[in-house]
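Chain naming follows the written order as A, B, C and D, and within any one chain the residues start at number 1.
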Amino acid sequence: MKICMAIAMAAPLALLGQTTSARKTPAARTLIQELVIANHILANEGVVDAYGHVSVRDDRNPQHYLLARHMAAGLVTAADIVEYDLDSKPLNGDASGGYTERFIHGEIYKARPDVMAIVHCHAPDLIPFGASTVPLLPVSHMAGFLGEGVPVFEIRNPGGMTDMLIRNPELGHALAQTLGNKPAALMRGHGAAVVALSLHIVVGRAYYMNLNARLQAQAIALGGKVTYLDPEEAKKASAQDGFERAWEYWKHKVSRP
Amino acid sequence: MKICMAIAMAAPLALLGQTTSARKTPAARTLIQELVIANHILANEGVVDAYGHVSVRDDRNPQHYLLARHMAAGLVTAADIVEYDLDSKPLNGDASGGYTERFIHGEIYKARPDVMAIVHCHAPDLIPFGASTVPLLPVSHMAGFLGEGVPVFEIRNPGGMTDMLIRNPELGHALAQTLGNKPAALMRGHGAAVVALSLHIVVGRAYYMNLNARLQAQAIALGGKVTYLDPEEAKKASAQDGFERAWEYWKHKVSRP
Amino acid sequence: MKICMAIAMAAPLALLGQTTSARKTPAARTLIQELVIANHILANEGVVDAYGHVSVRDDRNPQHYLLARHMAAGLVTAADIVEYDLDSKPLNGDASGGYTERFIHGEIYKARPDVMAIVHCHAPDLIPFGASTVPLLPVSHMAGFLGEGVPVFEIRNPGGMTDMLIRNPELGHALAQTLGNKPAALMRGHGAAVVALSLHIVVGRAYYMNLNARLQAQAIALGGKVTYLDPEEAKKASAQDGFERAWEYWKHKVSRP
Amino acid sequence: MKICMAIAMAAPLALLGQTTSARKTPAARTLIQELVIANHILANEGVVDAYGHVSVRDDRNPQHYLLARHMAAGLVTAADIVEYDLDSKPLNGDASGGYTERFIHGEIYKARPDVMAIVHCHAPDLIPFGASTVPLLPVSHMAGFLGEGVPVFEIRNPGGMTDMLIRNPELGHALAQTLGNKPAALMRGHGAAVVALSLHIVVGRAYYMNLNARLQAQAIALGGKVTYLDPEEAKKASAQDGFERAWEYWKHKVSRP
């Protein structure tokens, strides 16, 4: 399945060189290429469907971030990447072609200078935990970063009865406050926001956070006592290598001709 | 998986231009093309298997609707589309080549002048809710339209002991009565009927109704308290953009050569 | 996924004409072609993995049946089909190249003159029901044939402590006795045997029996009361068309070049 | 899905002859080819993702074993295979390019002269059983080898609070002690180690151990009484043919051009 998807992605990827070489900015090109690959990996691995998005802080200006225009992640090409300031205003043109929820990105980048990349997703195994009083806990060492605790964002607190979307800076700010200094927050009835020091790590975290949710649900359903990672185990496990081996594999799957 | 399916679908799609150009009716051609794509998307995304169907009200005559002949949705081409009146009689030829359950479509179009497109499916995560006393409720904002409530059609009420199929106008009428003014009804032991203002929306609703059923079941299985969308949240969430971003993605997946 | 599998299957299918034309028996060729397609469909749809098999009664001699030699169903070609008598002895050569459990087929054909085709499978959603005291019941109208009741074969009764396999005519006979006049029997710790009047129906029954098991398990897990098909509904639903629409779709998926 | 993956794997496989023929060691070439295929099968069948590895004892020197360098199993080629001694030191070069957890392999080969091949995996249906007090038991005859009992390795016992990885010979030794003379051990919060007399059997065991875990969880969820294989049945079932039929099928799926 994944390789087939990769075939589909090959055409957009092929456009990369052409599109970005026209800009004559090799540094930006690399980061944009990475962001396009991150989009395709997230779609290919089922972390996002037609909805959900991934951004990266601009490596030339930490007050800017890069994010695709309003479209499905699996279809994103380099030409679709837009540069935003931290108020989530596009540097070129107006915001009408952007994701409604771009404020998730801008407000977290504002509140968290350490964060370099952000995923917003509706990954299917995360939704039940976002809606349940049962907390998401690390049952697999690949999700040790969950050991810091996963806050749940209740949009009713800052917003009352909404359409559930982070439609403005205020809601984005409230989400960033709920996230605090953690690697991820669940969003009740909606999905999750995941942050990290790099694109590779944020993609790995989003993937394994979703997988861990599935495994935890299965462990609970067995009916016995479940042993989760101890916070110290979780902390040590989360200090590992940044999902480089997984990135290489996932990238291979989306980049084959 | 989906892209592979797309490859398979490419041949039928390729027939579109040829088949419909012979009719010299550009307007109809567009609607038929859309209906063929809707069939392929539903099959490709697992909303229908060899059974289940999708129709659209004729844009030239609201007393008519378009529906494939008796066949699997994944194999439908433009040449397979039949035009029916609201008594579900084909305008050309006899009804022997039609879906047994075409009355689902005809009777709902009769009862609901607002409805422009209908899906009947056996989507696998919907069947358990159709058979259970546990009501289907929106746990994800993508399924806000479920907040209006999802009636369950019990065919025993109008039909007694049947073979479960909507084989005649009377059963179709009874189903339409159960549906009332809602976007969807479950059919006990069978599947669902989903309606909307357009093909794009009805496909999105059928997809996310099924996904929401899976997520709700998972949330229940966790054993904690589950917070569903408040009716007001659901109403606001369901007013969103009509699944255009998803349609573009799903269409891409079934239309690549 | 399915289409990709189909691509893989294309090579074996391509061998069909060549292999069977050498025998100069057009009638047998058609039946063998159908049996090869049935093997590929069952593998492609996940009803069998490397294990499990499907047979058909010889249309030229009801005291004979056709079954592949000992191999994975997904790899079967016409040249791999062996003709057996009802004692499960091959007409040509010795039995060393045959399935260990061919007695499932021979003994059921002996006991059930009405049966024309048999599937033995380890379909994953059936194993839990074979091991549980919870009976398999029809929750979907596509599995109405389950309404006759699904007996569970406990190999310990005739065989004591075995390796679980139907290794001889005596165990095959005992399984046939458990099956009685029903369309299917579960085999505890092992899988199922499914029978029908034709290859198309037996493939459809094996597929929807497995799907129904999944749906029933999901319905039970919701925690509410579950309404199953009434025996009369089940009987009427099972009288339907023989899964022809599904066969055409599944065949399309395994026969594309 | 699997076939598509196979297509992706075709390129690495094509490199085999070229790479290994340069060494002029036909015997090694066969074993290395088999090890590469085992890597690809495990990835293709979902037993491993980007993490997890498989080794084989060197057929020319039982004090050595063969294992890929630090990379995803699905990408392994013959040129990536490294030879280690039983202290998990590479014969050529330093260990910096090796799997962190290669000590799983070295220490088990030391403790178990009968073992010829080892899989370490994070197969998703195994993690819940590793974390739960509910024991993994054989519910399917394909997993009869589980009847010997599946010990659970608690890394806290030998290691206290760790990052969960088998980072040194001491932890590898402790795991080998927990494994004892059994075919497999679960690793709490991590995955499993599976051993066998051959590559074919260890791949089959890893696959069916994972499948059995899923089936057992489903059987438990039904809520009735579950009948597992009796230890004698399990012992007899596990004496079967070594998964040759499955190996041929899985190999076919990863080796098609």
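Heads up, the rule we're going with is that contacts are C-beta pairs under 8 Å (C-beta built on N, C-alpha and C of every residue); 3 or more make two chains touch, one makes a residue touch a chain.
Remember, predicted model here, so these are calculated numbers, not experimental data.
A.B. asks: Does the chain C and chain D pair touch with the same residues on each side or with different residues, judged by whether over half of the numbers are shared?
C.D. replies: Counting which numbers both chains contribute, under half are shared, so the two copies meet through different residues.
A.B. asks: What rotation angle, rounded to the nearest 5 degrees, superposes the C-alpha atoms of chain A onto those of its identical copy chain B?
C.D. replies: 90
A.B. asks: Using mean C-alpha positions as chain centres, tell me how far chain A is from chain D in Å, no decimals.
C.D. replies: 31
A.B. asks: Distance between chain B and chain D based on Cα centroids, please, to the nearest Å.
C.D. replies: 45
A.B. asks: Can you list the chain B residues in contact with two or more other chains?
C.D. replies: 1, 4, 221
A.B. asks: How about chain B: which of its residues touch chain A in the complex?
C.D. replies: Of all residues in chain B, those touching chain A are 1-4, 6, 138-142, 144, 211, 214-216, 218-219, 221-230, 232-233, 236-237, 239-240, 243, 245-246, 248-250, 252-253, 256.
A.B. asks: Write out the stretch or stretches of chain B touching chain C in their complex.
C.D. replies: On the chain B side, the touching residues are 1, 4-5, 7-8, 49-51, 70-72, 74-75, 122, 124-125, 127-129, 131-134, 156, 161-165, 188-190, 217, 220-221.
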